[in-house]
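Have a look at the structure below, then the notes.
Read from first to last, the chains carry the letters A, B, C, D, E, F, G and H; within each, the first residue is number 1.
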Amino acid sequence: MKDFIKPDLARVGRCGIPEVVYGAGKSTEELIDISRTFLEDQGRIIVTRLDEPKVEDIKSAFESMDDVVLERNERARTLVLRNRDFESRSYGTVGLITAGTSDIPVAEEARVILEELGCETMVEYDVGIAGIHRVFDALESLSGVDLFIVVAGMEGALPSVVAGLVDKPVIAVPSSVGYGTGEKGFTALNTMLNSCTPLAVVNVDNGFGAAAIALRILRLCDHLKDD
Amino acid sequence: MKDFIKPDLARVGRCGIPEVVYGAGKSTEELIDISRTFLEDQGRIIVTRLDEPKVEDIKSAFESMDDVVLERNERARTLVLRNRDFESRSYGTVGLITAGTSDIPVAEEARVILEELGCETMVEYDVGIAGIHRVFDALESLSGVDLFIVVAGMEGALPSVVAGLVDKPVIAVPSSVGYGTGEKGFTALNTMLNSCTPLAVVNVDNGFGAAAIALRILRLCDHLKDD
Amino acid sequence: MKDFIKPDLARVGRCGIPEVVYGAGKSTEELIDISRTFLEDQGRIIVTRLDEPKVEDIKSAFESMDDVVLERNERARTLVLRNRDFESRSYGTVGLITAGTSDIPVAEEARVILEELGCETMVEYDVGIAGIHRVFDALESLSGVDLFIVVAGMEGALPSVVAGLVDKPVIAVPSSVGYGTGEKGFTALNTMLNSCTPLAVVNVDNGFGAAAIALRILRLCDHLKDD
Amino acid sequence: MKDFIKPDLARVGRCGIPEVVYGAGKSTEELIDISRTFLEDQGRIIVTRLDEPKVEDIKSAFESMDDVVLERNERARTLVLRNRDFESRSYGTVGLITAGTSDIPVAEEARVILEELGCETMVEYDVGIAGIHRVFDALESLSGVDLFIVVAGMEGALPSVVAGLVDKPVIAVPSSVGYGTGEKGFTALNTMLNSCTPLAVVNVDNGFGAAAIALRILRLCDHLKDD
Amino acid sequence: MKDFIKPDLARVGRCGIPEVVYGAGKSTEELIDISRTFLEDQGRIIVTRLDEPKVEDIKSAFESMDDVVLERNERARTLVLRNRDFESRSYGTVGLITAGTSDIPVAEEARVILEELGCETMVEYDVGIAGIHRVFDALESLSGVDLFIVVAGMEGALPSVVAGLVDKPVIAVPSSVGYGTGEKGFTALNTMLNSCTPLAVVNVDNGFGAAAIALRILRLCDHLKDD
Amino acid sequence: MKDFIKPDLARVGRCGIPEVVYGAGKSTEELIDISRTFLEDQGRIIVTRLDEPKVEDIKSAFESMDDVVLERNERARTLVLRNRDFESRSYGTVGLITAGTSDIPVAEEARVILEELGCETMVEYDVGIAGIHRVFDALESLSGVDLFIVVAGMEGALPSVVAGLVDKPVIAVPSSVGYGTGEKGFTALNTMLNSCTPLAVVNVDNGFGAAAIALRILRLCDHLKDD
Amino acid sequence: MKDFIKPDLARVGRCGIPEVVYGAGKSTEELIDISRTFLEDQGRIIVTRLDEPKVEDIKSAFESMDDVVLERNERARTLVLRNRDFESRSYGTVGLITAGTSDIPVAEEARVILEELGCETMVEYDVGIAGIHRVFDALESLSGVDLFIVVAGMEGALPSVVAGLVDKPVIAVPSSVGYGTGEKGFTALNTMLNSCTPLAVVNVDNGFGAAAIALRILRLCDHLKDD
Amino acid sequence: MKDFIKPDLARVGRCGIPEVVYGAGKSTEELIDISRTFLEDQGRIIVTRLDEPKVEDIKSAFESMDDVVLERNERARTLVLRNRDFESRSYGTVGLITAGTSDIPVAEEARVILEELGCETMVEYDVGIAGIHRVFDALESLSGVDLFIVVAGMEGALPSVVAGLVDKPVIAVPSSVGYGTGEKGFTALNTMLNSCTPLAVVNVDNGFGAAAIALRILRLCDHLKDD
């Protein structure tokens, strides 16, 4: 099966962001193969949507390699393998906000990727619009960030409210938290797409996508700064 | 065709609210017949979703009757015919809020019915959440009302924000204002159904429904007051 | 994780109804933390959508505290923790009706919250419209209530029938009971939204939402009585 | 184009019901050709969903034929052409009920076909469940019919209520009358499919289909009677 | 809980068909209570959608009662309890056809109910339209039946083909057999609703509904025979 | 605007089929510009979904050019402009079948493109499955074709039936003919995707797509023949 | 009606982007009032989704004011009114790409807003993926831009392809161009949301939204440059 | 139950392709019965969608038969039983491409059936459009194939890109790989149906269907070659 896999090692050069491996649909065997290829070629691999049994097996496969650091974030369901001497730089600071506690895993997926790819992060979690004063407090705490990633399930109105109060880019992530007509996050998604204050929207639960867009933006600013 | 129509003249006794006639699916002929029956039996008829050509024909049919008052609200698309000596009483005050100017026709439908059936109204229109300070201002203006009817299209988040700031009942009406995934008001409807702060939701553009629920609530309070 | 949680302790002052904690998306650890904060600040916490394993762990965490009463309603999936000296008052009486026996858990969720927040309740369960005489009997039994919460799955027509027979406010709750096109309660929801006799509709299975709306209504009447 | 059309003249022998021609998607030219073929072969043709300009053209084409009777029902949008000596027999009586006045065109389409194909009909139109006493009255009037066709739009609950009160077959026809989530009749359709009391359901606005099923049932009974 | 349940014992008198108990949403305890009530009052109870663990418990509860017969059909997921001296009569014969082997459970649910309520049945299972000659063979075998119940999943075209070849009533039951866009049976349902040859359609997997409609038809014919 | 348009003149070399111009979304001006470019470079242009007013204007623009032939097919809504000396060859014969007369425009769009790009065609229109004998007759007439394109709206079952009776490739085209749940052709599309006998399916009303696929198949066979 | 309108004049200070007025749902009267307010307070107003009759009326209302410049872009359906001395600055350059010619109006809406609010633009229209070489050519032409807005209807795959080839932010706009399952742009929207290379997605046809997000990004870079 | 099953043994003669048995909805018992019938009559049986426990039981049932070969492909979920002397011939070569590694099972299902029914296959798996160079490389490797089957989940754009670069028939298979709005493969399906370069589309995950269509095409070419 090994030769079926064709990791896109050139992506980091082409798009500025390395391929991040979506773990959910792949076997442990495939994941170990891909990880080896990435570690050798790029010095690091980031895997998302990875659950326990596979994590243990991958850890076992790499634990004898002293120069490889493994970092597991259970809530974010991510695994990072990195050569001990891998270096990254910082492009800016992203503020992560969630409407509820159940949205935190999606925000954490974004946070792991942002920090790994060269961003600092600040978080304000559990900031629903049911008590709008909490939004004001959170935005004050995050006044120094360069852009916002806002995660919300249920009615998904938080990113809309945030974008009406700040002048920085706002990336909106619907989460699949909800029930009844809110199930699967499609109501939150639609709310974000119809926001009166325009939002950069990604797919439901797509913390990775939000992080990748944020990074493209901060890399652009970094690039323009040098001009 | 006349004998096909069976107006529910007993509804006012049974439910406290007379039958309000939905004009859209009825011929002018049918509407004139129903109007006659209601005027005779109840002294008044309220017709909703009524457009121009029919209005003129109905007006012509009744203009020779001196004791009948006709009131047309173009924006609300309503027509009221009332015996000059028809009397009504007041059950309380309803605050009507809309997110945009395009939502006003729905609010006006509610307003006409509320005022006709015995409520006072106060309005604050064009209060979107893109500028949240406008919401605070509007709620201050409406601080004396007994309950709220909030109409919103697009992302439909306004009723949710309002309900988080007041302790009165909030009836949420999605409007069909919007485009793309917001077309036909289903996104606004779902946002309202998934609001973290619970809302009493009615069908898209159903200004009449919101008014009828408001009236049942105010009549209950009125009834309990007398106990 | 503890500092991520931001309970909205001010909600009871702002909206008249305390924050009710949605248990489904939260870890036991988070729930114990939130419960402590609420008990200290408000003397009570109500948790909904809570299943067995978590209930036992929360009970263990609080069983040594003699002044805290725990009340579990298995059918409603609720848990209430209350200081022994917590006092509440009564705002009125709510009639709870279900179409089938499978709709009872949703009605019970509403009942627990209503009773906890200051309402008396009367119930008539398993009153489907297949035998319409059962509806008449139930309404006679409930003739003394101030408003109705009606829960129905499948075709969801019961609230519509009830609202055509009474003059009190009717809050309609679609339940997710059904199969085929009735699966997940969306058919029942749409039936209620399209009822000829207007209904105050909430999200599928949202017993809590129905109770919160009922309470806002009864608190309004109570407030107007004092005027 | 004429030779493209292949009328199924054998259907009346095979299925007991002749092909009824759906007029909406056909040109006037095609309709005249088909009509000629049917008149010659079977002595009659029934066209449904036929609007004004086409009706006039078809009438012109046949007005010189003295032995052909033309019957137009504007509300039903049907046109029947029949040889003067065409004979039919009666298989039984169908009761037609509608929830509102706007549902009448669908019921009339069924009525025209039933009467043409050999059934007597009795009608009770505008019998919504908002006033349930009207249902009881209507059923009493129709106590002598053999089966029921019930048409309803909006929430579509009427057939369900009827079927719970009678022991005859009930054919339910959703109509496209409604707005918001009720638009296009899908809510009414789903309500009927999920009825606790089972209903024989047909497509939205399909008055013809309901008539055809009714006829198959009455022909079966007629056939069994002769055994 | 017992007193919450309100079995509709009068239904058999009112609609000619006794209440059939939907087992899926009810606890074993409730089912035993309902069964007792029905056995006492009507001499029989039919339970559908009933899975193993509950069956065993119900059997245990009644096994000591010598005069009660228990009949379990695993494929149909039904359980019938009947007093040994319960008598029924025959109203006619129903032909049951399925498109595939996976549709058989739905047909069997219909068959159990039909036989219990007084119909004879003949079956032809696994008669897909991929090999249309199998349809002709099946219809020849079933040439003596009074009406047809045809179950199909996937593209759901079999009932349409059958109805074009016979002159008896055809009741179409979509099954939830399928995958991709065919998942859950909605494609089959829509195919049946749009059939050029009209069909009496019921909800997905609703074998019970099909049987109940068939019975109403055969009872009507039986009744008319006696006239 | 002219320079905005980038006709893909290389497509015929790359894919074997020239770009066919979708007329619906383009202005007359753009269409004339594109036509000139194609005529010059390739000697021919095919435009689909083109309605009357635009046709006249394009005709006017080219009528003075004696060496250009214009062919309009009103039913297919196509327009072909061709240099008088344009030559094409034949790759094989396609059989076109429609379920009803209303599906003919879609089949004609396919036919025009097939004949223009080098196929012979045979047609059998109005061959619904309500009378299955018509299907057998049509297939006998078309026994000499190389592959089938079958167009159907409503329940869309005809391609499935055809594919079960022949061993040639069958391309299925859902048409938007239908009403209620059949509206817009999605039911027909789903029926075709779920056919037990596999079908090559294209988008609703996509006669062009069906023709293009047929041509790729016949060109492949032609190519393999030469090997 | 005038006092119902509450233009959010503070938005430019709060969000860096002035309120852009959505013309579709507003009367000419309202638009003239809003325009006056904006011109006075901010020196400029941008109106989108504005069709001919209204444009003429607005022009008439302002044509006597010599110091006001009116700019109408018919394809973009925009109208800009600006004081002659209004000054703006440039934040960067945006590359606008469309898949087809029918997507141009959406891109033009974005272009008008971008240029008005301080961006330079470069366009490459009609760059579908059917001929992928056209994509490479377009990207080479646009190699100097800071970020991309890519508009596509039908299958909507172009933004995905672009984002895989560049390292700048890509904002994806689904257009409502398409038919069958592609109608209304929801297929294009979903394609963009599911792109393997993450995209910042906005609502269907939302050229304004894309422009507003682009501006927030370029303003951020501009701001960071100054640090 | 045995006699319920009616294998379509004549299909291979009628359609050129034998019935392939869909294993998911059938019991082990039924599968063994069907296998026996096929082995006897046709010398081979192919079962799809078959999971472990059933495979073992079927293997046991046939392991004592020395002249029967069993081939299990776990990834494809297929089982083939074949008489040792079964012979097949080759009709051509199919190129199989997948967008990701998670799409491989669907491609493998197609591959097993193709090879069993007389095609050679070449595969290029994991060729997403995020790195478009991988598509060019894959197509170069597959330059000798006769037609393509392309499987893709998520945004599903790969078949569209492939079809724009080759002149052979392209069969597109959406896979159910994805999440959020991409869940269940409907987005990929719609992308393929709306491809600007026409594709022959099959149901989600329908590897079997793609293989059957490919075979019909190659058999046609083979047949025409002999002419």
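Everything that follows uses one rule, which is that a contact is a pair of C-beta atoms (placed from the backbone, for glycine too) under 8 Å apart; a residue touches a chain by one contact, two chains touch by 3 or more.
Worth saying up front: this structure is predicted, and the values here are computed from it rather than measured.
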Touching both chain B and chain E (chains): C, D
Same-residue or different-residue interface between chain F and chain G, half as cut-off: different
Identified repeat of the D-E interface (over half of residue pairs identical), from A-C, F-G or F-H: F-H
Centre distance in Å when chain A and chain D are each reduced to the mean of their C-alpha atoms: 58
Geometric centre distance via CA averages, chain D-chain C, whole Å: 45
Euclidean distance of C-alpha centroids - chain A vs chain H, Å: 36
Two or more partner chains touched - positions in chain H: 14, 128, 130-131, 164-165, 180-182, 186, 189, 193-194, 197, 203, 206
Pairwise chain contacts, counting only pairs that touch as defined: A-B, A-C, A-G, A-H, B-C, B-D, B-G, C-D, C-E, D-E, D-F, E-F, E-H, F-G, F-H, G-H
Contact footprint of chain H on chain F as seen in their complex: 14-17, 92, 146-147, 163-171, 189, 193-194, 197-203, 206, 208-210, 212-213, 216-217, 219-222, 224-225
Chain C-touching residues of chain E, taken from the complex the two chains share: 4-6, 8, 10-11, 14, 19, 24-26, 30, 174, 176, 184-186, 189, 203-206
Of all residues in chain F, those that touch chain E in their complex: 99, 128-132, 154-157, 160-161, 164-165, 178, 180-182, 186-188, 190-197
Interface residues, chain B side, partner chain G - complex: 100-102, 104, 123, 125-128, 130-131, 133-134, 177, 179-183
